[in-house]
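Next come two complexes built around chain A: one with chain B, the other with chain C.
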Partner chain A sequence: MSTTTSDMSMSVAKTIPSNASLKPPSANQAAPGDERVRRISPWRALLNRPELGSIAATILVFVFFGVFAGNSGMFNLDGIMNWSQVAAYLGIIAVGACLLMIAGEFDLSLGSMIGFAGMVLAVPSMYFGWPMWLSMLFAFVVCMALGWLNGYLVMRTKLPSFIVTLAFMFILRGLTIVLSTQFAGSTIISGVGDKIAQDPVTHALFQGNTFQWLFTWLAHVGVINQLPGGEPVVAGLPKVLLWWAAVACSAGFVLSKTRFGNWIFTVGGDANAAKNVGVPVRRVKISLFVLTAFCACLFAVLQVSDVGSAASDRGLQKEFEAIIAAVIGGALLTGGYGSVLGACFGALIFGIVQIGISYTNVNSDWYRVVLGAMLLLAVLFNHYIRSRATTGK
Partner chain B sequence: MQLRKISLCLATLLAGMTLAPALLAADGPHANERYVMVSHGADSDSWWNVIKNSVKQASEDFGVPVDYRNPPNGDLADMARLLEQAAARNYDGVAYDIADYDVLSKPAARITAKGIPTVTFNSGTAEESKKLGAIMHIGQPEYAAGKAAGDRAKALGIKSFVCVNHYATNQASFQRCKGFADAIGVDYKSSMIDSGMDPTVVGAKVTAYLRNHPTTQAILALGPNAAEPTVQVLKQMHLNGKIYFGTFDLSPGIISGIKDGTINFAIDQQPYLQGYMAVASIVIAHEDKTTDKDKIIATLKANPKFQMRLKEYGLSPVYNADGVSSGPAFVTKDNVAAVEKYAGQYR
Partner chain C sequence: MNAQANIPTSTDDYILQLEGVSKFFGTVISLKDVTLRLRRGEVHCLLGDNGAGKSTLIKTLAGVHRPSEGRYLIDGEEVNFKSPREALDAGIATVFQDLALVPLMSVARNFFAGREPTRKMFGMIPVIDMQLAASTAVDKLAEMGIHVRSPHQPVGTMSGGERQCLAIARAIHFGAKVLILDEPTAALGVKQSCNVLKLVHKARERGISVIFITHNVHHAYPIGDSFTLLNRGQSMGTFAKSDISKEEVLDMMAGGTEIQSLVDELEGRQAA
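Up next, the complex of A and B:
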């Protein structure tokens, strides 16, 4: 890609109003003589960040559960590990969905992709005798190829991504059931977790906990509680949390610090304008579909490693949860605006609320009512903070 | 500002909903104790309604708060999280069903590692339950249930049968057929049809089998999905009342089949007992500080409130050497009226 293209895309990013809050990397240290660039105080810059509202909403949710479930064990170390894992799983797919939404597209096949990826992982290793690392690689390749196909069809047919990926939502869920019943004769394939544990590569990457020595030591000196048997109450840091951090950091870096990140905003703001100034719209969008599929596969691999089996009903409705997390985090459904950090806080809110309700004494029949009400409250609060922040005083 | 009003309303609503149950439950001498039942049943699965009601009544009878938790979509990975959550919350006792041993063994180990008494119910076997460190398992042993049904048929001199299996993907279904076949002394594999769930297909397959094997003396259906279409087939072929017909589980269709004489008996696993006894057992285990299941069962048996419930709903637990099972219990023309009265609520 020539440098002219990159410069032009930068200028597009600057001229699109919805991007104003997300400064291109050069904005702060622009030449002093440039009359087009206004100096913004760091405080105002902070208020303009799209994730501010979701951070405030996260604090609100913490306060809520602090009051109503404070002494229930929710904020003990094992309680924290419990809901943070839920948030981490959701966070991984929320990051993918968020970038795709900023680029102006949806992927409704994400949840089905999770179930499908689990099966593609389980079947070759359990029934064809493939080594685990190979079937894991295979799962990632197949999923990313399907993500590419999703993106290609959307770009080629110019149909809304809603429709194309909706079709894949059904196709992949169906294939998941076909795969499981064909090979296992039931909708659940068990024993995959043990296979993963036997393979040093996959075990080291995806399964179990890390920093066990730290937790053992902390329990030894009495910082964290011990079980009656003498082990620490939490054996280590679940690897899914590290993966979440890794995915979020790299996506956040790409979005805010690189040329590709600017392209994502530009493409979502106005795809035609972006194309006219030379942004490879098709490539950007397709690669984001691939990224979303990657995130779904990562989710599946981590989950299968954790629970030990692949089942055809995994990932049900996760596509909506991922979109919800991105929206709570300040992403616009229309594209062109959003942030990775925001999506992560959105996932955190969703995870805490989802699990936190079980720590209060709410009757399980009311679960969904409470979940919906809390999410609405969090979004309203997010919206309120953001409108206060962006309109001034 | 409009938004602020809405938010305020929402916040009050939430606060109310979180506080109300806490206030309600705060009576009785054991109000500081708290127990939980974790199941795999999805919100939409009506079968679990009986269990929920039984949990509520056990909670009333023993004067302790009991939470009922389930994954809304029935996803077992979510159920594993709920079990971890139960460990983190330091409940005084946990009852759960073994929907899948692999998925649940790790989170279940966390609960037992904290020294919290656990009881398993419904799905799973007594051996799995023991391996998970639970005090006991309260369910219906599938083979024994099939055998008990077969013994009834044998007493009438029946020597051939067909097993209508609507969920052949599940290993437990074979146990049901095998038990029946062993009791009357035939090979179960040649007497079983894999019918699938679709009522039209079930009906067609049963019709075909009965045409090809006109000497078939008995039918065993493995649940409402298999039994209800079979009832219609028998009526169309004017065989109702002529073939000895037994089925597993209850449904409105099965109950009316029993009443009009098409179905001779239904094997009831008595879900009410699974829920009630599982909760009662963890409460007794915690309060009496015992993990001896014989002692727990004896204490429960002596409880007058429990006996009242059994009488009221016409339930009968099966006490055996392994402890106690919720089934099999047989529903026939003689006791169908009592069952019908409480069907879907307590039966």
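Up next, the complex of A and C:
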């Protein structure tokens, strides 16, 4: 598809010699309309957007499951809630991982941080008698402090973030198991969900659904199906979806509209150049490590509220899933390029594939194969996009 | 920060001085007792072969290194820069060889990287004024005779000469009093080098003082007002253009005599 469009636009530009871009800028050339400007069709302009690949892949995935699972209930309201929740959880951490990747760093401790945050939330409230809201605040503070430490060590030692956060991946996972076995005597602390339900602050912020009245009304007027008792099939909008939307919108806004967003791109594109133009490289990168830790903690708090317990294996491999979602969304592993919207589409693909496979006749063991293949395709596609962006072909 | 406003009446007034500066890295002596005096509004060429200490000197001027010995003065007052940012704030803008441009970012975003213009969205949220950034970038580049195709094209799509000009135009726009150019023509073709030299001339016309670092005498001599030669970390002296010919400059550089002996050797072989 892309070859035909590039052929078309080449024919538009045929009158201009192909080495036009090598012509030097000329001082006496008072050209209001530069003859070296080639017309680029809107389609080709779109091709240069980082999120294009993930949007195309999302459409592809939708078509696939529409064909193979169209009448299985996957696209009913309850089905949609099912996979969109999976996407929302991943989306929250993918946004954090995406910004960090654009700034040229990784955080492999993200998954372990999720498990650890759950424990830090559960232990004080269950065993020290802390009110839930205080435990929650404590969990956020501890996680963000650890994120800061991650970033500080990376910047201070100048070691690759890969190594530093790999160490933290093990440290935090180990601490999670230690905390859990020390206090609960097992790898799971249960009963946290009930505690959260009793606490008005944490319950209102993180637990269950919202907009129940809307869904009840929609069921009443017959837009959505009713259960035999008269309740709607979906009680309300899961709060995790709202959190995803909030995190993604604010991150997207910061990245594309604010000075800080420009700094993220500069720092990831060339840290030395960023330093030379006066961008506070260290501050930008460390604050993004803190953001990633915040996202991991948010993930954990929402999950503990939803599942009702904290367990030491929570968040396993989530760091890779978040990175994959960001890469499918067009982020370059080398930094300096990517998009929040793309990362969200990457997370959406995850949700659809993970849940959708069980709606089809395909053995759900194929889930990882599909995602692995998709990651490979995404990287190849991104590589192609980047070489176009830097050479202007 | 307005360069034209503070042109002094006395032409003997130096805007930037290095007095007897040395720089050591452990046991290595990179610079030894170097004195460099930059007059207002002149193009001062700093010539030297590889290993002469040019890079160390630039980094000292730019605030990356601090001199181990000697004094660094701006407008006659001693300064002690702790970071490139401080030098920048004092109006000393350095265009390094890597240009400090990010290829994947647009012209406008690069032009304002680190110093983005902002406006208030809904009267409260500070956001980048992208329109202002784009139009200013295009205007400022046009003033320097560079016509970019679009302010939103990635810098990666520009030629080496255009990138060099973009970096220089950016430094001028942000109020550089002194422009330090690190080998701006090193990787360029003949025509592109000419454009950069023209740009240096334009900067001088605007009253900006320029330190032009190069090992290419053919680029330095036409544009330079005075020349300082560096060899193995030491200054071989500063010469006004009227006092020295291109050939003499070439000879004084380490390469001069060596190339001459090479030429002699080759010619001798041909004759034999």
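A few comments on the model shown:
Going forward, the second predicted complex is superposed on the first by the 317 of 393 C-alpha atoms of A that agree within 3 Å, B and C clash if a C-alpha of one lies under 4 Å from a C-alpha of the other, contacts with A are read in each partner's own complex, and residues count from 1 in each chain.
Note that a contact is a pair of C-beta atoms (placed from the backbone, for glycine too) under 8 Å apart; a residue touches a chain by one contact, two chains touch by 3 or more.
Quick caveat, the model's predicted, so the values are computed rather than measured.
When the two complexes are overlaid on their common chain A, residue A:N262 makes contact with chain C while staying clear of chain B.
Once the two complexes are laid over each other on the shared chain, residue contacts for A:R283 go to neither chain B nor chain C.
One of chain B and chain C touches more residues of chain A, and that partner is B.
Of the two partner chains placed around the shared chain by superposition, chain C is the only one that A:N272 touches, whereas chain B remains out of contact.
Once chain A of one complex is fitted onto chain A of the other, the partner contacts of A:Y367 are limited to chain B, with no touch recorded for chain C. Within the complex formed with chain A, the chain B residues making contact are 3-4, 6-7, 10-11, 13-15, 17-19, 21-22, 25, 43, 65, 67-70, 72-77, 80-82, 84-85, 87-90, 100-103, 105-106, 110, 113-115, 169-170. Residues of chain A that touch chain B in their complex: 64, 68, 72-74, 76, 78-79, 81-83, 85-86, 181, 185-188, 190-191, 193, 227-229, 231, 233, 303, 306-309, 311, 313-314, 316-317, 355, 358-364, 366-370, 373-374, 376-377, 380-381, 383-384. For chain C in complex with chain A, the residues that touch the partner chain are 84-85, 88, 94, 96, 98-105, 109, 112-116, 118, 121, 126-128, 144-147, 149-150, 153-154, 156-159, 161-162, 165, 189, 191-192, 195, 198. Interface residues of chain A, counted against chain C in their complex, comprise 21-29, 31, 34, 36-38, 257-259, 261-263, 265-266, 269-270, 272-279, 332, 336-337, 386, 389-392.
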